[in-house]
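Two complexes follow with subunit A in common, the first pairing it with subunit B and the second with subunit C.
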Partner chain A sequence: MPEQALPVIWYVLWVVLWVVYFVLDSKTLGLGTLFPFLARNEREEAALQEAVGPFWDGDEVWLITAGGATFAAFPLTYAVMFSALYVPFFLLLFALFYRAVGLEFMSKVKDPGWHNAWRWAFTVASFLVILLLGVAFANLFYGLDFDASGNKTTLFTLLNPYGILGGLTFVTLALLSGTIWGAFKVSGELEKRLEGYAHTLWVVALALFSIYMVATANRASHLLANYNQVPVLYVIPALALLLLLLVKPLLSRGAQLGAWLATSGTIALLLVTGFVGLFPNMLYSRTAPEASITAYQAAASPLTQTVMLGVALALVPVVIGYQFWAYKKFSERKIDVEEAKGYGA
Partner chain B sequence: MPNQLVVDLSRLQFGLTAAFHFIFVPLTIGLIILVAVMETLYRRTKDEMYREMADFWGKLYAINFVLGVVTGITMEFQFGTNWSEYSKFMGDIFGIPLAIEALLAFFLESTFFGIWFFGRERWPQLRALSAWMVALGTNLSALWIITANGFMQHPVGYKIVEIDGRKLIHLENFWEVFFNPNVWWMLVHTILASYIVGSFFVLGVSTYHFLKGVSGRKREFFERSFRLALTMAVLATLLTAVTGHFQGVNVARTQPATAAAFEGIWEGGKGVPFHLFSIPVPSQEKNILECCPIPYLGSLLYTNNPFGEVKGLKDFPAEDRPPVAVVTWTFRLMVGLGLYFLAVAVYAWWKYRKGGLEALERSPKLLKALLYTIPLPYIAAWLGWGAAEFGRQPWAVYGLMRTSEAVSPVSVGDVVFSLVGLTFFYGVLIVADIYLLSKFAKEGPHLEEAPGKGISGRPVEA
Partner chain C sequence: MWDPLTASRILTALTLSFHILFATIGVGVPLYIALAEWRAMRIGDRDLSRSAYRWGKGYAVTVALGVVTGTSIGLFLNLLWPPFMALAGQTIALPLFLETFAFFLEAIFLGLYLYTWREDGPPLRNTLYAAVIALGASASAFFITSVNAFMNTPAGARITAEGTLDVHPVQAMFSPATATKTVHVLLSAYFASAFVLAALSAYELRRDPRDTRAAKALRLAMQGALLFGVGTVLSGDFSGKFLAAYQPEKLAAAEWHFTTQGAAPLRLFGLWEDGTVRYALTIPYGLSVLAKGTPSAVVTGLDAFPPEDRPPLVVHYFFDLMVVFGFLLLALAAYYWWRVWRTRSVGQAEEVATGRLPAWFFPALVVAAPLSLMTVELGWYFAEMGRLPWIVRGIARVGETATENPAVSWLVYVFLALYVLLTAIAVRVLAAIYGSEGPETAFRRLFGGLRGGESRGS
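Showing the complex of A and B:
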């Protein structure tokens, strides 16, 4: 295998890991953001908790794996990315704590103060996780502020209009994913209500997605270079839009799983669109493009990348296998709101 | 040269987050084994009480599990956020075990925890399997994180390369990294220490209920839990001491300065004695107090040979010595606590074997001692980890990279922000965790009055 191939293979795997994480966790983060507005009583809360309870942790491991794989396969990217985005990553960490603990703790004690505090912790934290990740990745595509002398990116430079728009687009897609997933998992009146939310959110998601695409073409034109060179790549964003357009008819026909998969496809292809534009850069510098860090520069030694490739080829199919099995097993029948236990003590 | 304040604050932050993570990890490693044993006994005997035991202890496990997960992410993130120079230098090797840990251990642990926790009513036949899968994942996680740490303690299987004027570590032999001699004793020692944490937790909660004068099925419930945990405690305390010795020999071989600091040995030589008590003062390069020397024991402990040669701290330049006083005290206190655990476990076991639970209940002092011992294994685990990590100083990677060179080029303000945030948010979590654990532990299980009704007839607890 030519040595230049390894960094490219790992770039692809790197993208896959982030994409899988975004797709899987979007449903929990979306449901979490809307949690207090979706559930009208304890039983409904328990049902929604069960809709994501068995999965959120395994889903979050894809984030940890994406981080670990960046560390192993592209140490330079890991070091620069995590230290340049210091404050946002710590905010993300704080939000990740409370999303998880809020979900599991809120029903453990029958006390309204306790319940409310952890429920809102879960809600606010879920929103912040997806917003921060959305803003971070929109900025990753847009370009960060660093040059040969060091990092100049701060939380405030990340909060530029393009970054915020990207963040909101990911938030809306996560809300759509969460409500559709919820409808797929539960039954009865709650299911109908979730479907109603999904129909409304779809309109907002479609609008934001379109604006974000137009903004990308106009404000982040460096991303278009690869596309203009290989125009067939334009299929990727087109497919993302097509899948999003399909969500509504699928939902109307009661194909909830299909609608969720289509939403997930949009989330995945939206990210792929950005990563394809970014390649071969991993960290693009807006202020000094020549200081950008490419996959070739950031790559670990060929031996490390080969070892890691062997590990990934051996283990990832196994992981996908039993995770898929767990998802299937829990989808054998819908959650009955009256029988749901959630995390209750 | 990086700002010294950033170095100090980053070290403080790393120590704080690791210590916080290390509250939850040892308990999850130890407790899940007991839960899995209970599930297996349930599967074998169909005795409902074993299922109730797994549910109750599993509920306490679950509360810790989620906190172990969230605090673990901080550990991974920090290498990039706070120690980016370290990550650039070491990423080629250090990232591998971290990535494998996620792929091999975390996925197993989290997926099967979901199946165990949410599926135990629906698929009783999967209970034991999923509990063992979680246990396997949790224990494998320790293997890979200690492989990563082992490289920092004793780098092997690498070469130094220069790229664009920067020195980097590159992997030369993965198997050498994996079979690092410094890893395996440390791994077994750490896992066994976690079993001590888990077993003393169950012993303590059970004795709380004995002290309250529990009766009937509940008494049997806690007696069975107590018996399982006692067996584990006796085995784990014995084996922890044995593996600790071998790890000590390893440290003396691979990090002689650290071993010398453990015992406060300033002058090296052959046939060194062991002092039961000593107070080292680094500024004077000697121990101001040394008491009760046992001839040749120092050499025996570190070389397996009473006449073996042990290096002294003075054999190393002052800037390459670890903070001697901290290392001596953390190490000594850990050993002392370990011997106490061994004594109390063996004593309780002997008493229980001789006279059963009644004999134990006739000595409330022993029961109280066991109850108040709950936090001590945590402290011992912290001390042991502290001895290893302080002992490695001033190196981030032993002999290759100093801690002061490893830090990120971030501002003091950034580190203060994260440190304050972590302290505050962790503070809230720890209060909530202790509150929940003690609430559920004190409440005890909700047992059926008439056992054997089977799963469907029973009110569900999660």
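Showing the complex of A and C:
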């Protein structure tokens, strides 16, 4: 294997791990954000819980694996990313905690105060997780603020207009993904209501997606270098847009799974668009581009990357296989609102 | 306010102390879920399958908390100990990466198990799902403990002033301490979890002595307690012999063995006053036998190490208490089986539980649950503080590897509050799952009427 191949393979794998996480968790985070507004009674709440309940923890492991892979294969990236993004990461840790506990525990104790508190914890935390991740990744593409002497990124430099726009785009796509997934999973009146939300959200998502793309071309032009060098790559953002446009007709025809897959494709390709533009950088420094960290610089030793690659190639397909199987198993029939198990004690 | 080093140490110790509670239950309980489902399948007993599902619901709660505290540790490694990560990051990355895959197994199959479980469902399916959860849980314990093993007996890399060179991740994962440490951690988690589950059954039997489902569950837990209790003791003995060979300063600190000598006595407890040990129970030749297997063997003492390289003497108490509590728990399990054996003509599990055990045994089992977790904590305190002053033995000291960021200090309070909240939530939720009596009623039910001698309803 040529010497430079390993870091490139790992870069691809790294992107795949993040993309799978975003795609899978977006639906739970989206449903979570809208949770109190979607369900009108406890039965409907239970149905919505059951729509994501069997999956969310398995989905969240992709986030841990993506973090683990960063640490294992690109230790330098991990170290710099952590010092630049440590406030968002701490907030993310807390948000993930309240999301998990809120979803799992809100129905465990029969007490209205308890239920209400954890329901809102679930909602706010779900929103924060996707917003923080969206802002963090938009900033990753946009460029952070660090130079050879160290990190200068703060929470305030992260909250620039481009970062916020990216964050809101990911939030909206997650809401779309969540409502469509919910409609796909449940039946009856709740299903219709979810579809209605999805139609409205689609308009917002399309608008934000378009503005985000225009902003990327104008405000983050360093991302365009790879595209201008290999113009065929422009297919990726184009396909992202095309899939998003397809969501509405698919939804109108009742192809809920198709609409969810199209939404997921948009989320995936939006991230891939950013990563393709970023390559070979992993962390781009906006203020001192020469200090940017590339995949080649950040790579762990070839032996380490080879061993890790063996592990990843052996185990990632197994995990995907089992997860696909689990998803299929739980999608054999729709959740009946009257019979939903939810998360009761 | 503390300096960054002290704050980092407090925060790490705090997080690990909480994490180990949930992790121990998280590693041990799924094994019993799988065993119960397996036996339910073999003998066609739905009671055991019902118990397994009941345990599964509580297990899901501890998993959620184990994930939160575990993720905190992952974050803290980088945030609080950056020089340590720069030094050892590459060598411990493999097991940390593998652990995420073990965790996938656990998470995916826990969802499958809990959501597809039905009383009349196919027993093979329940058993297989539970077995995969147990496999994933034990595998993650193995991987994480191998990181701790590396810190005790580093291998698979050349760590020099210029950095970490020639990293061989697989060798680092299987460092000399990996075998003894992982086996002891796994067995003790199974041992301690048996008492957590036994406490639940004991409480249920105290509430309703005719609860045959609880009686069968208790029997299974006591089987595990005896088997894994013996295993924990044996692996503990191996660990002691391992320390004598590879980390003699740790063993010497644990046993208050100050001077290198043959025919070394074993000291239990005692007080350290003005340079001498007082009030200790001394067993001649004891330490030589325990550490080397022969009464005359020479055991390295603390005098073989410069004072700045010696672990703190307080680990002696952690070690001794761990051993005493461990044997107490094993004695409880042995007592159960002795009563079963003595009344074997009666045979049936449910009758043993209701009538053949004295009334004190049930509250004793309930007390044994926190005791078993405390024993695990003591073991970890010994393991971690016994490695001091090193963070990676012989290579890097704890004091050299902490962050210099002064903001760490207030994080201690933030996370202490978080962990206390977590524990309170866990208690409330578990109480709701396993019977929502108030604490007072529960207390009275457990400890009331003990002077009567026999359990009610027999």
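By definition in this document, the second predicted complex is superposed on the first by the 345 of 345 C-alpha atoms of A that agree within 3 Å, B and C clash if a C-alpha of one lies under 4 Å from a C-alpha of the other, contacts with A are read in each partner's own complex, and residues count from 1 in each chain.
The rule we apply is simple: a residue touches a chain if its C-beta (ideal position, glycine included) is under 8 Å from a C-beta of that chain, and two chains touch if they have at least 3 such contacts.
Everything numeric in this text was worked out from a predicted model, so none of it was measured.
Asks: Please determine, from the superposition on subunit A, whether subunit B and subunit C clash or fit.
Replies: clash
Asks: Going by the contact rule set out at the top, does A:F37 touch subunit B (first), subunit C (second), both, or neither?
Replies: Neither subunit B nor subunit C is touched by A:F37.
Asks: Is it subunit B or subunit C that touches the larger share of residues in subunit A?
Replies: Answer, by number of touched residues of subunit A: B.
Asks: After lining up the shared chain so the two structures overlap, which partner does A:K110 touch, if you call subunit B first and subunit C second: first, second, both or neither?
Replies: A:K110 sits against subunit C, while subunit B stays out of touch.
Asks: Contact-wise, after the overlay, does A:Y78 reach subunit B, subunit C, both or neither (first, second, both, neither)?
Replies: Touch status of A:Y78: both partners.
Asks: Tell me the contact category for A:F97 with respect to subunit B and subunit C: first, second, both or neither.
Replies: In the superposition, A:F97 touches subunit B and subunit C alike.
Asks: Per the contact definition in the header, classify A:G58: touching subunit B only (first), subunit C only (second), both, or neither.
Replies: both
Asks: Considering only touches as defined above, state whether A:Y234 meets subunit B (first), subunit C (second), both or neither.
Replies: It touches nothing on subunit B or subunit C.
Asks: Under the contact definition given at the top, report the residues of subunit A touching subunit B in one complex and subunit C in the other.
Replies: Touching subunit B in the first complex and subunit C in the second, residues 50, 53-55, 57-58, 60-61, 64-65, 67-69, 71-72, 75, 78-79, 82, 86, 89-90, 93-94, 96-97, 100-101, 104-105, 108-109, 300-301, 303-304, 307-308, 311-312, 315, 319, 322-323, 326, 329-330, 341, 345 of subunit A appear in both lists.
Asks: Mind pulling up the subunit A residues that touch subunit B in the complex?
Replies: Residues of subunit A touching subunit B: 50, 53-55, 57-58, 60-61, 63-65, 67-76, 78-83, 86-87, 89-90, 93-94, 96-98, 100-101, 104-105, 108-109, 150-151, 300-301, 303-304, 307-308, 311-312, 315-316, 319, 322-323, 326, 329-330, 341-345.
Asks: Touching residues of subunit C toward subunit A in the complex: what are they?
Replies: It comes out as residues 57, 60-61, 63-64, 67-68, 71-72, 74-75, 78-79, 82, 85-86, 89-90, 93-94, 96-101, 103-105, 107-112, 114-116, 167-170, 418, 422, 425, 428-429, 432-433, 436.
Asks: Could you list, by residue number, the parts of subunit B that touch subunit A in their complex?
Replies: Going by the criterion above, the answer is residues 59, 62-63, 66-67, 69-74, 76-77, 79-82, 84-85, 87-88, 90-96, 98-104, 106-108, 110-115, 117-119, 123, 161, 170-172, 174, 408-410, 414, 417-418, 421-422, 425, 429, 432, 436, 439-440, 460-462.
Asks: In the complex of these two chains, what residues of subunit A are touching subunit C?
Replies: 50, 53-55, 57-58, 60-61, 64-65, 67-69, 71-72, 75, 78-79, 82, 86, 89-90, 93-94, 96-97, 100-101, 104-105, 108-110, 114, 300-301, 303-304, 307-308, 311-312, 315, 319, 322-323, 326, 329-330, 341, 345
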